[in-house]
């Protein structure tokens, strides 16, 4: 039963913590751009406002897609270990690939629901999002393969434990960590890689048709996604840590990503692919080679 | 067993005449026979051996093994589903009687292949399956004629290489029986012979399961075959190839045979070669599938990619990789069958298979859509469908072996599969319904029930995979691939890998929980108003209320985004080299040589004949060998 | 008795010359009678008929042993079947009778010069048949090549005579011909017989003759082809005891590849089949050239399968080609013919369930046993190409959309015979021994020159 | 260039044939003892032992003996070539006749004419007149040749050919002249039939096809050599009819 | 010497077949080859000082070496007739070829596509 409580805690933290962080990120971006920016709790306000409005539904698949997206994100967020074995809700199932693919359920649901809305903007946005996935996942997964190969496990909490004795992966395989971080920015859909959303270009892409509670639910889903993505990075490369340290590291990664993204312009879709399949992928393989040869710190 | 096969073959001819009278009766009988066969495969005790007779002084025999059972079961699932599907679907076909006959022959041939104990029996039934399927393919549209030829030729290339290999084995060991060959090969000192033989045997599998470089027939054959038969082709016949590939690496224990030829992390060099081919197929299949506008060809290319997965998995000869590869046979069979049946339903109603001509069919064919959706979830390897399990296993194996490049290609194929399965989803089912399809109806239950049944099986096996994993475990034990290691741990509800495990039930529960939580949240908040996407179809001149930068939409089909869905990505490899063209060039080359021979030796005047006669005499006289 | 096989058709042919309108009934009678005689002859194998009572090396003798019996059997049955098609035979019944006599004589004769005479009759009748349907130029080409080959054959015969001192095959077989002379003789025989046996590159005539009308392929691709290939075996195995077989082997392999490739290119159905027939002859010759009992037996087994299949294919194809302008989808109108065609072509390719499978597979196996890896490779390569064009044709004829809307009345006889033969092909797959047993005897007879000689010698001691 | 290569090839062939010739006994040095011919010449085939002869041990050397004017049991024609053609190797001749028959048949089938071709050219007086005189003589001469085939050079084939000359002459001299196909066909068919029937009679009487069942008589007499003259007469008529038919075919055209 | 003549004649015939564009000339070349072979056959049977193998009052007696080999002569008789038959067939075919293809010159023939 404790697993369930832990999972619920996961979700609660994911919700409040990440949405706050998103507000903070808006603030940071504003400051960089010499604006004052909204207060840090602005995102809570936005979500609750959205949830309370009367929405429009574009058919049952639209509803179903949103549910699937949120459901998938919730399921994934519930598995993520928060920095240590103790804060791992399901130690038998925290397999990296399970998480990655469970995570895809949310993406697929969202993509399906949004295309189901019948708006061409959404379809274009989804096609971009999927293409982008092809870009960032590849270097990320290669780096992750080398991590898992090195520690002979794909269980996240075991990886955290190994790092506790071996040192953070950030130090053990710095190249891999950097590649993973670059992929993380793509995963988060932050600035150089916000091609799928591209508000000025394709009217926020997938979100074009969202109204009222749908928007709200998807924002929540987005929060959970961020939790999963950044949380995984912290677990895998920054050695996790106790719950507090986990959150601190989380903030650091998040702020760093925000800082980077707030100064960069947007890639075009094929530029993004060429970028990811160029240096990061090459470095990822280099990293894998180092791991194979045992050239780790 | 043999009587069963013979009875099937004979009955297939009988059924032709029954079907001539009433093809619907024939197809119902077919479906019933198929269902009976499914039960039948469970009743045959493992290890049963039947001698067929003597051929060329060698005993031909059938043997019921775990592998045979597994493959037969999977095949029958697909075939029977298609048989039920065909009961209604056939009324869109010109040759229903012949279809009924040949599909039964395909069944008999395939079962024979899985039952065969020796290579010759395997070859015989293999050819029966090829022949009968080859005769079904050209029943499709115009292009399908060419498809049948390409299919036959590619298949023959593989098959005859297989035959050559089989006879090479025979000339050395004097036996065709697979267990004995396995024993002999393991003790054979000549490495080059073993490599040659194993690769020759594998060639049949390569051709049949659409592995690079013999993959090109899948596009044209699967894309143009009669729609429901594409399901059998992709779901079942291609698996014959996987079976042969499995024979060439597992039944002939490659780890033992090539013990001195280990290339990298315990994978023998020939296996590595096969894995490389599999990886190439994944890349080609994925990239080509992404850019297809023809939905059947798209899935055909996906079959290439998935064939690659199976080969990569089996080729590693790692317990997880092997089991993943074999399980992927099941997953891909079901998923591809359902997808093709869904497409067949779409074509049945709309008479087109071009994604760019379709759209919004979810409003008209929701059940087909659901079937398709779950099938692609399985195909893309997303939990909780069973497709995930096999992919997980293959990844585990690749990562554990440190085969990073292969792993990267597998990842690429997996993410690429999201792209290509989404393309028909968005283009055909979602989005805006073209006006000409406004009166399209859902297909009748006899067509959608088989799809849903297959999807349900795949789903159940995704949540509780142990029933399907058990036969594979048995197989693995038969082949001696780390038999003590238990992957499917039904007691603890765990699927184990060497590096971590996971609990499919928990994953499913989480999934459901997430969904329920989301649903609760959904119901908590205000009810939505409906935007009727079909409004312009119902009332003349009524707009739909969706966001289009400030304009009302009266012509929804123009706002349906499905042409060049991944234009940005497709543009990157527009000018890719085409293997298919290369093969056509080869064919053209032979054709040209034929023309040359014809022009030089056969067409000309008596003078030329005299010339050749004189030259022959002179050459014989002076060369005389 | 056996001489009647030659003489009866001949006398019928002469009678037909007296009263033209009797020629067709006479053809039917003579073929029927011949088939009956052949069946009756079964008991008198082996036997030798000494013509005019002049003992062997001096006079001419006919030899009926297992090999020639089998060849005669096939040839006569083929002629009987052809004779049933009154319309196809047309004015050519007398020619067919002469040809039947010539085939029988060619097969049975034990005399080299006599075989030359019959070869020439075969060529001449072949030319006449080929000229049907105004196919004159192709017939002329065949005439030139045929008589050129005849000259070579005659030269070879004379060389043999100068060496051996007689024209008798048994004597030639017995006689130890000097190394230098046998080279000459075999080269000339190879070229001379190679034309009829469709050895590349001497087979330029085949496509024009087989592809030019509706009668000549039926006879030439089956009975005559069989006789020529029988003679190939007789000469090179029995008489010259395995000399020059390696040359034959190489040429045969080239023949296979060349024939298949040319067939692949061909767009005319009859010519495609003609080239396919070349390739099959190549396979048979290659197998014969291995000169082991098994291989030779399989060669004739394969040849039998090929003859049956080709007969059906040509039977159907000639009907189609000369009745429809466009062949697309014609089998939709002629299902039975189509089925027979498909079965035969599948047999030719060597799919299981059909006779060709038995012969091809056994051949492969036998080759591997003797560790010859080249021939199987060539054979399999050829099969792939063969499959390409045969499947292409099958698909075209069955499945393409019909363009020629006219419909010719169902040819009941043609359909019956072709389907019966097609079923026979399936039957041979199931019970290959019905053909294999005789062909094994054929191989034994061909390879055992001692008993051949002894038979002939024994005949000179008196008695038929 | 083509001619050059042709010369090259022809020269190579000639070279090859000449090198082949070295295997043949040189010209004029043929040794008949080693050949079957000796037995034919001495008319002693029946006396030979096949096995021994083949082995080359026995009686290769035939004893000298008087033949002309004697009764020879085995064979009775004075012309040994004829004895070979029509008796020892009569079966070849049957084939030969068949070839000619086939050729005539084929020419008829191929040309398919049924009406005299009109050249519109009147033959001159000399030709017309001399034809009238020569035709009977020619026919008689032809008949003489084939009747005496077993005694003198010549025989059925030359005789028949000479007879055909007569019809050719008639064709040349007269635009209207036309031999009916039925008649030539009937003659050639019946004569061919006769040949075969003679052979079959031999089969019936002696047990061998073309068995010489008539007495041989004295070598050199007109009535001798058993069936040989009969066969030669049949052949002569047949060849005459065939070649005449051939001439007819070449001089005829299709109706209409 | 006679052998040489026949060999050369064969060469001439082959040369004719190879170079002549006129089909009738090819037929004639064929005939030359035939003749050459016949000459060869006859020559093979020649015996120095041998007589024609016909018994007559002048040569009533069989003696060794008295006659030339009669068998080749008999064979030649057959071969000649066969040659005649082939020639006749060929000629009649050429008549028809000329009718159908409007020429018997290989290069000018019409409708001989395939």
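We call the chains A, B, C, D and E, going by the order they appear; numbering starts again at 1 in every chain.
The rule is short, and it goes like this: a residue touches a chain if its C-beta (ideal position, glycine included) is under 8 Å from a C-beta of that chain, and two chains touch if they have at least 3 such contacts.
Quantities reported herein were computed from a predicted structural model and do not represent experimental measurements.
Novice: Chain by chain, through touching neighbours only, how many steps does the shortest route from chain A to chain D take?
Specialist: Step count on the best path from chain A to chain D: 2.
Novice: Which chains, if any, touch chain B and chain E both?
Specialist: Both-contact set = C, D.
Novice: Among all other chains, pick the one whose mean CA position is farthest from the mean CA position of chain E.
Specialist: Looking at centroid distances, A is the chain farthest away.
Novice: Based on C-beta pairs in contact, work out which chain pair has the most and send it over.
Specialist: Result: the chain pair A-B has the most contacts.
Novice: Based on CA centres, what chain would you say lies at the far end from chain B?
Specialist: D
Novice: How many angstrom lie between the centres of chain D and chain E, each centre taken as the mean Cα position?
Specialist: Centre separation, chain D to chain E: 15 Å.
Novice: Nearest whole angstrom, what separates the Cα centre of chain A from the Cα centre of chain B?
Specialist: 34
Novice: Compute the distance, rounded to whole Å, between the mean C-alpha positions of chain C and chain D.
Specialist: 30
Novice: Could you work out how far the Cα centre of chain B sits from that of chain C, in whole Å?
Specialist: So the centroids are 45 Å from each other.
Novice: Can you tell me which residues of chain B touch two or more of the remaining chains?
Specialist: In chain B, 603, 605-606, 610-611, 614-615, 617, 621 touch at least two other chains.
Novice: Can you tell me which residues of chain E touch two or more of the remaining chains?
Specialist: 14, 17-19, 23, 26, 44, 71, 75, 78, 82, 85-86, 89, 93, 96, 114, in rising order.
Novice: Can you list the residues of chain D that touch 2 or more other chains?
Specialist: Counting only residues that touch two or more other chains, chain D contributes 9-10, 13, 24-25, 30, 35-36, 40, 89, 92, 95-96, 99, 102-103, 106, 110.
Novice: Every touching chain pair, please?
Specialist: A-B, B-C, B-D, B-E, C-D, C-E, D-E
Novice: For the complex, give me every residue of chain B touching chain D.
Specialist: Against chain D, chain B makes touches at 611, 614-615, 617-618, 621.
Novice: What does chain B use to touch chain E in their complex?
Specialist: 603, 605-607, 610-611, 614
Novice: Along chain E, where are the residues that touch chain D in the complex?
Specialist: Going by the criterion above, the answer is residues 1-4, 6-8, 10-12, 14-15, 18-19, 43-48, 52-57, 59-65, 67-71, 73-75, 77-78, 80-82, 84-86, 88-89, 91-93, 95-96.
Novice: Which of the residues in chain D come into contact with chain E in the complex?
Specialist: 2-3, 5-7, 9-11, 13-14, 17-18, 21, 24-25, 27-30, 32-33, 35-38, 40-43, 61-62, 64-69, 78-81, 83-85, 89, 92-93, 95-96, 99-100, 102-104, 106-107, 110-111, 151-153, 155, 157, 219-220, 246, 249-250
Novice: Given the complex with chain B, which residues does chain E contribute to the contact?
Specialist: Residue list for chain E touching chain B: 14, 17-21, 23, 26, 106, 114.
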